[in-house]
Amino acid sequence: MNSLSKLTLVATTSLMLLSSTAFAQQKVFNIWDFEAADSSNGITFNKALEEFKTAHPDVTVNFQLKTFQQLQASGSMILNSDQAPDVLEYNKGNATAGLVASQGLLLPLDDYYKSQGWDKILNEGDLVLSKYDDKGIYGSGHIYGISVYGEYVSCFYNIDMFDKAGLKPPTTIDEWVADMEAFKKQGITPLALGAVDTSGQHLLASLAYTKADDTWIKNYQGLKAPLDGAPYLYAAQTLVDWVNKGYISKDSTGMKDQDAALLYTSGKAPMYVSGTWNLGSFSSTIKTFKWGQFVIPTPKYSVGSTGNLWVVPKGSKNPDLAAEWISLTLSPKYQTELGNNGGVAIAADPATITNPVGKNAIAVFNQIAGKSGLGFYPDWPVPGYYDVLNQKDTGLFQGTLTPEQFVEQIKKVYDDVQSSQ
Amino acid sequence: MAGAIGTYAQHRRGYYLYLVPGAIGFTLIVLIPQIANFVLSFTAWKGVGTPRWIGVQNYQKLLTDDQFWGSMIHTLMFIVSMTIIPVAIGVVLASLLFDYVRDQFGERVSNLFRAGFYLPQILPITTAGVLWGWILSPVGVANIVFKAIGLGGLAQNWIGDATWALPSVSLMIVWIQVGYCLVVFMAGLSRIDPSLYEAAQLDGAGWGQRLVSITIPLLAPEIFVVTLTTLIAALKLFAPVFVLTAAGPDNATMVPSYLTYYHFFTTQRVGYGGAIAVVQMILTVALAVIFLRFQARQQATE
Amino acid sequence: MADAVLDIADRSASKTAAVHGRRQRGVGRWLVLGVVVLGLLATLFPFFLAIINAIKTSAEYASTGPLALPRSIDLVQLQKYWDLSDFGRKLLNSAIISGCVAVFGVILSTLNAYAIGIGKVRGSRVILVLLLLGIMVPQESIVYPIYYMAKAVGIYDTQLAVIIVLTVLQSAFGTYLLSSVLGSFPREIIEAAEIDGANRWQVLWRVVIPILRPTLMVIGTFFFIWTWNEFLIPLVMLVSNNNQTVTLAMGLTRGQNLSDPVLQAAASLLGIAPTVIFFLIFQRTLTRGIVAGAVK
């Protein structure tokens, strides 16, 4: 047999082997998440997974670490097939969880909510993003997912640099500007920003939310009315002002979050506005200076929400086990564990947390959530708005878009979708 | 003997059998999906559930979609970096390596160079995106080097500035594409009779003249194939934009394939994405036909 | 004829050496070499970046950034990425998929090209145009229909589905190339074989393929490389981690909100290594085969 034939034989054989699926004999429980193994969530969930495995020796527990990229792109396709697992982490919001819930791809969890006792641990505020109606809009309807952690955007700052400049974390926007001016006078660009990524739109939204009231947030997130651009206009004008004054570098339009974070962690920039997802990596990589975070001064609303959801696909073969898993991660033991790993546990008592990072983060989250100040994320109302905001952001920072044009363009996209509701 | 073959017509018909697997594959993977996509372009659909018929609304929307028209213009610009520049560099470099370097330094050296230039072709595009991201970031390698050698003024916001984003992506594309052109051209060069070059040299023709009057005309078949394939690839361009700029800043590097992807998977407006794909396909076919006609005419006059 | 071409190539190679060998040495040649070397270094620079960053520690990257040379060689990130992505498995998957597509793509292309180039069936022109359509198809536009078809047949989330799709798509190019090569295949050889009583299949197997082998190897190598780098179809069709390829594994370095640059570097390096090795083994094939007639 010449090499060509041999090759063909090998290829055909391997093909046949590949196309056959292996049938497991015992019960198989498939669980997915996309938490980095060394993140607070990742460490906690993996620990819980170990306990879960020991508690169920008769079950083969298959854990797969997925990439966010894949779930983002083909999440609904996967849920619409036999390849969906028994329980998985899914992104909260209308565009993601809402969409698949409205298509009937998720199992409603209302019964488990009562029978597993989650109603004793979570309050109504924690459930806002768990419920979706038949149009896929959050806030009402069946419970389709459970969140076990929280997240919010704040300003990370370099305590040492602040001390050296004789500055304190601001309690008003004006104080914040004064702090930035002080740094600018020393020739340091105060704020690191990754406009190509989330930190651009998160800063924008944080500023916008300082001018938002309950009605605005409700309408904005719920697609209830055409966009009232006033808060965004304020935010855009402020940002352009800050770029012109040199508080934010014009280079930020080419920077991803990781580049901006690098500026912060290497001690070049004293401030970086981003979310609690950085806590884990900052804890382990910042060794050269004292660091902390302050809440962006706001009357009520901050950018933040309850975390990603555990959802159970409609075709899950082990919904009871799935519910047990959710209970495990919601249990006081693992909520405390999450806090001690530096994560923002949704239902932990800060007093029981020993890790200062986690303790502080949970306290802040509870404070924001306590006054119902979670304004959620700016890109949620409209599918694809994330890209729109990034695109327009960069135009704003570059100076190719005026604040008015910026608002006009994001309004157009928003209104288009809103009117076709 | 004649009986074994039959009539010529019969004989020819027998070959149709060999086309059967290809035909099945083509129908399943290309024809049916394309038709499905065409039909979907007249609907509103979220990727799950049932599509809703809306007629030509998607196409009407397309006419006023700035992102779409921008993507068309950008494609034309990317043709430069995907086709024209790599082909040009490929021909010159192939000639250099094959004639000059190979004579003066031996075949192994020239092969080594060829391998090196081809290396970017075999890199997974996701990896290339990360590497070039490090180079082109405003705090990245390029600017650091510029500042270090005193040319700080040249430092730009390569990816984040609308003026520079497209050229930056183009640079990465050229980096990837040159290898493909080079390898094909170098192979083609080895079938040219060197006595032609000899004769030209004796007539006093310099390297440049030899390139233009001998190399390029004789390399024409390879040039046509490479140009056509890179042209089609330029029209389909997706991955470099996806990994480097995500079509930014503010749509400065948007291309039709990315727009389709965006509407298929992010906004979940599958019907609209389908319409974009249909238009893209039509334009690609049109361009390819024009090019093939041109090629046929060129080769007819030889 | 292809054989004759190969022959000429060999002869011309030695002749060229003899003819040009007597060219004068001097500054000129070093200048040219210098330019080419610079070009090569520029081309290889990104690879160098991947290497130096893959062996740093996270903390070191966080404080010194991507350009600084590593202070020490720390293979932790490489190990971490290897384990995290089950890289060995990904390598195997990529190799299987690429290998199968290469083999089946070549077979499919050969069958098609035989009918078109040698058989000269009626409607060859039309068929070639249809094939070009296959090359022109943007992958995004076929993803949803293929997803539904694969689901219906039960091969969603299998490598088989990816292999089938990519085989057909790649063979469009292969057929295009091969049919123009076969179009100018010397008829005398075929006629001679037929006079000897060979049928179409035997002519293909015993006469055409042996002569065509170098070109087939080239096309196969191209297919392997192109398939290895495929991104969209595997992303959509391969769900289970066990089925995924090297290109997809890169996604692990970028989470929902964070990306890990050192891990990215490690991932880059591990992504480069197999392709480089593969290329070094197969680069000779690439030249010889193309010589035997890239086009008419």
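The letters A, B and C name the chains in turn, as written, and every chain counts its residues from 1.
Assume a contact is a pair of C-beta atoms (placed from the backbone, for glycine too) under 8 Å apart; a residue touches a chain by one contact, two chains touch by 3 or more.
Remember, it's a predicted structure, so these values are computed and weren't measured experimentally.
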Farthest chain relative to subunit C (centres taken as mean CA coordinates): A
Between the pairs B-C and A-B, the one where more C-beta pairs touch: B-C
Chain centre separation in whole Å, for subunit B relative to subunit A (CA means): 37
Length of the line joining the C-alpha centres of subunit B and subunit C, rounded to whole Å: 15
Multi-partner residues of subunit A (at least 2 other chains): 73-74, 77, 80, 256, 262
Residues within subunit C bordering two or more other chains: 65, 251, 261
Touching two or more other chains - residue numbers and ranges from subunit B: 47, 139-140
Residues of subunit A that touch subunit C when the two form their complex: 4, 7-8, 10-11, 14-15, 18-19, 21, 34-37, 39, 64-70, 73-74, 77-78, 80-83, 91, 198, 256-258, 262, 265-267, 274-275, 277-278, 281, 284-288, 308
Residue ranges of subunit B in contact with subunit C within the complex: 1, 4-5, 12-19, 21-22, 25-26, 28-30, 32-34, 36-37, 40, 47, 93, 96-97, 99-105, 107, 111, 113-128, 130-132, 134-135, 139-141, 144, 175, 178, 183-184, 186-188, 190-195, 197-198, 221-222, 224-225, 229, 232, 235-236, 238-239, 256-257, 260-261, 264, 270, 273-274, 277-278, 280-281, 284-285, 288, 299
Residues of subunit A defined as touching subunit B within the complex: 72-74, 76-77, 80, 95, 99-100, 103, 105, 195-196, 249-256, 259, 262-263, 382-384, 386-387, 390-392, 394-395, 397-398, 400-401
Residue ranges of subunit C in contact with subunit A within the complex: 58-59, 61-65, 84, 96, 99-100, 103-104, 107, 147, 151, 155-160, 163, 209, 213, 216, 235-236, 239-241, 248, 251-252, 254-261
Subunit B-facing residues of subunit C, complex: 5, 8-9, 12-13, 15-17, 19-21, 23, 25, 29, 32-33, 36, 39-40, 43-47, 49-50, 53, 65-67, 108, 111-112, 114-116, 118-122, 127, 130-146, 149, 164-165, 167-169, 171-173, 175, 177, 194-195, 197, 199-200, 204, 225, 228-229, 231-232, 246-247, 250-251, 253, 261, 264-265, 267-268, 271-272, 275-276, 278-280, 283-284, 286-287, 289-291, 294-296
